[in-house]
Amino acid sequence: MSGQLLAFWALSFVILSGALYIVMTKNIMHAVFMHLLTMSMIAAVYGLLHADFMAAMQVLIYAGAVTAMVVFALMLTKSQSRPDGAGIAVDNQQRGASFLTAAGFLAVVIYVLVPQKWAVHEAAPVVKSDVAAMGAIIFKSYILPFEVISVILLAALIGVIVLARKED
Amino acid sequence: MAQYAWVIAVMPVLAFLIILFTLRRIKEKAAYVAIAATGAGLLLSLGVLATVWGGRIFTYQTTWLTAGKLTLKIGMYIDPLAAVMLVVVTTVSLLVQIYSIGYMKGEKRLSWYYAAVSLFTASMLSLVIANNFLQLYISWELVGLCSYLLIGFWYEKKSASSAAMKAFIITRIGDVGFFLGLALLFVNTHTFDFSAVRQIVAAGSLGAGTLTAIALLFFAGAAGKSAQFPLHVWLPDAMEGPTPVSALIHAATMVAAGVYLVARSFFIFEAAHPAALQVVAGIGAFTAILAAVIAVTMTDIKKVLAYSTISQLGFMMAALGVGGYTAAIFHLTTHAFFKALLFLGAGSVIHGAGTQNIYEMGGLLKKMKVTGWTFLIATLSIAGIVPLSGFWSKDEILTEAAKSGNYIILGVLLVTAFLTAFYMFRLYFVVFTGPVRDEHAHESPAVMTYPLLILAVPAALLGLAGSPLLGNWFTKFIALPGAEHIAAAPDYLMMGLSTAAALAGIGFSYVLYGRRAVTAWSVVNSLSSFSWLNTTFVDKTIRDGLRVTLGISNGLARFDTRFVDGIVNGVGGVIGTFSRYFSRANSGFIQRYAMRFVIAFMLLAVAVYFVLVR
Amino acid sequence: MSFPILTAIVFFPLIGALVTLFYKPEQVRLIKWTALLASIVPLALSIIVIVGFHPGGGVQFAERVLWSKTIGASYYLGIDGLSLPMVFLSALLSVIAVIASWNISVKTKGYFALLLLLEVGMLGVFVALDYILFYIFWELVLLPMYFLIGIWGGKRREYAALKFFLYTLAGSVIMLLAILAVYFNGGAKTFDILALAAKGIPLGLQHIVFWGFFLGFAVKVPIFPFHTWLPDAHVEAPTAISVLLAGVLLKMGTYGFIRVILTTTPDALKEYAWIMATLAVISIIYGALNAMIQKDLKRMIAYSSISHMGYVVLGIASGTVIGTNGAIMQMFSHGLITALLFLLVGFIYERTHTRNISELGGLLNKTPVLAGILCFASFASLGLPGLSGFIAEFLVLVGAYSSLPWFAVIASGGVVITAGYLLWMLQRVVMGALPDKYADLLDATPREMLALVPLVVLVLVVGLYPESVLGFINHSVVALVKVVG
Amino acid sequence: MVPLQYYIIMSAILFTIGIYGVLARRNAILVLLSVEIMFNAVNINFMAFSAYITPATMVGQIYTIFAVASGAAEIGIGLAIILLIYRGRETVNVDEVNMLKW
């Protein structure tokens, strides 16, 4: 039992239980904070995979930006579920069916994916991630997708402004 | 002269058109237009008759239509038969039109009346000069139309419009037979032309079975038009029309068209199986006696004459059936005149007395001299008293029947002759003799009585032309080309028998109605049970048939909307139900869509995995 | 290439329709006059075509522009003795429909634009000689018809319009399948109707595509048991649309029978003639019996149309030259007569606001001209000699008699029933006493006479001198009929 | 040394939890959060593959960058739409909004 494995188990436990809490809790605020936690733990998993840059990105974007946005959204809308979690249902009527569906999905995925023989590289997973090399790859091989994604982000930005703007 | 015979038929057409297009303005003057056209036609007809005097035959034709190998022509075939018919039709038509000036005076649709009569005259003339069966059929239908229009002249009356409809539809039932006969003829000979058909039939290339079928189908048409049993029921109802129309169409001309058709196609009947002619003779004789019996029981003056007409037409058919072609035509001619005279006389009586029920009349001879005496002449003529027209033609028929050896027919015809004399004189005695019942009765104006006087001449004397004592001139003139004519010696036995029958009828009638020695009703009542065949059976059958037809169409209409359309709507409904059911899936709740998406993805993944990867 | 007169005939109404779109909806008079002009021009041009037509000359005035070489489709118009009367009839009835629609006051602009669009489709069907073009025009007819019934119709207009649309669409889809089957399996990769007919297609294929075409056309004719859309559509459609529906649209089906089935699948036709004839005879008798009992005048005439179109199908099924001539004559003549009847019913309805036979009566007293023409039309319809209906039925029955004698015998029984229901209708509608509420009816106006008189004259002319139409038809029929001869 | 399968299974479970959340939560914001969880499950997968299979070319990492970028755009737009709906309907409950009907 290496330290890596131990770390993996621990992180997995936190991530999965955090995700479960998000989809189970009746208090939305709690869910959002648990989301923050979960996202941070995922960033730790990235670190475990030697992708330090991505881990940083994960913390910045998901744990930071997205969570902040969601909190703002929560503030702007009035949720029917009260802070104490009592009262109006937070789940819809197809909860049981959803559970079955999700379980079925999991079974299918595991049944299909687990027996696969993956062509694991000899060097894995010890190669240190190199931000400089990554930048070179993005701006050489993937320059067009990169530009496209920036346009998409710009479009989303404008779209959000247009959508969320109060009509005069 | 004969090549202009078509002008005779065209002139009434012109009169018809002139009147039709000036319908509102022309009013009474319409009569003069129509009379002028028919009068000119009469003169021309006489000219045509003179032209064919020597037995010559003229034919003219022009193409009417072409369809594939079928070329139809219209044209004229002027032989003595056609020439005689031309004269008969124009004469009667002219006199009827003159007469109508008085009879129809004050009628608000007078101009329309003359238009229709003109159209009828034109169609009837076209019928008699036709050189082919198709043209004959076309004219045949057109006279039927005019008959419909004129019976329904007083269309405000339901009985009139119903009678018109009945006449048209019942004759049309016969016409379907005629039409099928035409089709059968055409399919076998590829022509409608009289002469061409005659040659083909003479060549013997057609089987007797085919010819018999054609002949019987033609006879079906003739039976419809000439009111032979069981298609006779329309004619008494047709008396709903104005009386002059009854005289022209339903006594003298149109109803004779059936006889004319059988006469025209007589060569087909002769070439066919003998059964064909036997059917003609049998139905003719049966119609003759049936109608005569019914005539005895009638109390409406026009109905008596109507049944008398049916009976006389049966006489003619019977004559044709026993091979008496010339006798039938002869009787047709004489009958046209004396029956027209009877009808016009009856019209005059109705005009003067204001009723049609004979028992509301009486002693009218004193009030209506001209009408009474001319009516007497016609009555004697139809009863068959020497030397009036009816005697000679009826005698001719009886002689032919005797010659054919068909003694049943002969017997029936003799009884009919007796009955004819009986019911005609019954009519005469009741109407014109005895006590005066209506003081207001008056003689008709001159415009009505002069036609009576003129018609009385041929009604009395025309028969002499065919008298065997005077050499059977008419018979020779009219005889079929090629058929060698046996110069008939006067058959005094037959003359004696027919005169005896007539005198017996008159005497019996005198006892019952002239002297009123016996209560008439008992006799009549006993006879009226005979007419069950007519009123109860045939008419009822037709009414039942009609009801059944209506029932069927009612059922079919229901079948159509419920079943046939039901299937159509059902298919639509089933599809609609399905789509409504499936459209409920589109609830609009996005999470349901998402779940379906996930499930579908799973299934797809499993399927792909098993099919492709494994 | 000379002046493309057929294209001009077909597409001139389209120009008219487009022009009306530029008017304001209030410019009603301008819209009407434009529509009238746009429909008169094709009529005038079709008369020019008739004058220039050589009866023995086969397909004439042909215009052919290659459309797609790879699939073998072309813009191919042409006219022969079969289509000539139909083109004339469509053009004439369109003009009359415009005149009869003069009183349309609701959404006038859309109405006349759709009417003209409908005319494009009708004319196009009769001159198209390429299957794709034929199909396009065939479908083009449906759409304006759907809206014309569905918007300007009577009470149950939506139901009727939808039924009409779906029913005939189902038919034409089947026809499309047949067209594609002929195209892919006929041996020649072409959509040319005439070329495919001339080349002939394999016997096995004939037996299959026959049914495709048959069903497609039978719905349109309509033959029993595919007829139930017709009474509903007629009852709901406005007068002028009924005129076009009965006068022209039904003929598209029988036109297809002759143009396609008779020439392309003659052997299959010969084999299945008895089925066609059976359905035709059933249509004749069944339609007539149904007409007898109807209470609504329009419904009665609709059923009588089913009955009369049965004669057309019988004539075609006979496979004889005479029968086919008769069938085309009947198409033409029935187009005139039914148009006349529907116009009259429409005019009477405008006055009395009822089409219920039992509520009418005695019209001869007050409106002698209208009632007189109704009598005339009824007599023409029941096949009175001297009027156009007779000669058509006569030729059909003689033709049928020579190849299918018993069918002809039964069919001729329909003549009596036809006489029965028409005369009965006349007795109840024009004869008898006039109900008091109609005491102030007015007789035909000049505008109405303008619509009626041309039809009356044509019925008479064709009836008295059938050669005037048959002269054009006959040569083409001889060329078309390959079956029995 | 963590086997690749562990990562795959872990991300699969995480993804499944996300699915459950998307299907079962009423609140639109929670649904969005669940979508985020699914996104991250995918990203973990990418990262793991990148580290184990293509460590040199870093294809998986680059995919993750793009996925994060589009995920950010998505959540922005999603929240904007939720705000819009909330303004119109006074609710953010998904099962009370059924405008996506035929």
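Every chain is named by a letter (A, B, C and D) in the order it is written, and numbering of its residues begins at 1.
The rule is short, and it goes like this: a residue touches a chain if its C-beta (ideal position, glycine included) is under 8 Å from a C-beta of that chain, and two chains touch if they have at least 3 such contacts.
As the structure is a prediction and not an experimental result, all values here were calculated from the model.
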Identify the chains in contact with chain C as well as chain D, in label order. B
So, what's the distance in Å between the C-alpha centres of chain D and chain B? 96
Mind checking the centre-to-centre distance between chain A and chain D? Centres are C-alpha means, answer in whole Å. 6
Whole-Å distance, C-alpha centre of chain A to that of chain C, is 70
Rounded to a whole Å, what is the gap between the Cα centroids of chain A and chain B? 102
Junction residues of chain A, two or more chains touched: 92, 94, 97-98, 101-102, 105
If I count partner chains per residue in chain B, which residues reach a count of at least 2? 591, 595, 598
Residue numbers in chain D touching two or more further chains are 19, 23-24, 94-95
With touch defined as at the top, which chains are paired up in contact here? A-B, A-D, B-C, B-D
Would you tell me which residues of chain B are touching chain C in their complex? 23, 63-70, 134, 137-139, 141-142, 145, 148, 152, 155-156, 158, 161-162, 164-165, 168-169, 172-173, 175-176, 179-180, 182-184, 186-187, 549-550, 552-554, 556-557, 560-561, 564-565, 567-568, 572
Can you list the residues on chain B that touch chain A in the complex? 591-592, 595, 598-599, 601-602, 605-606, 609
Chain D-touching residues of chain B, taken from the complex the two chains share: 583, 586-591, 593-595, 598
Complex contact set, residues of chain D against chain B: 19, 22-24, 31, 94-95, 97-102
The answer for chain C against chain B in the complex is residues 163, 166-167, 224-225, 227-229, 286, 289-290, 292-294, 320-322, 325-326, 362, 364-365, 368, 379, 384-386, 390-391, 394-395, 397-398, 401-402, 405, 408-409, 412-413, 415-417, 419-420, 423-424, 426-427, 430-433, 465-467, 470-471, 473-474, 477-478
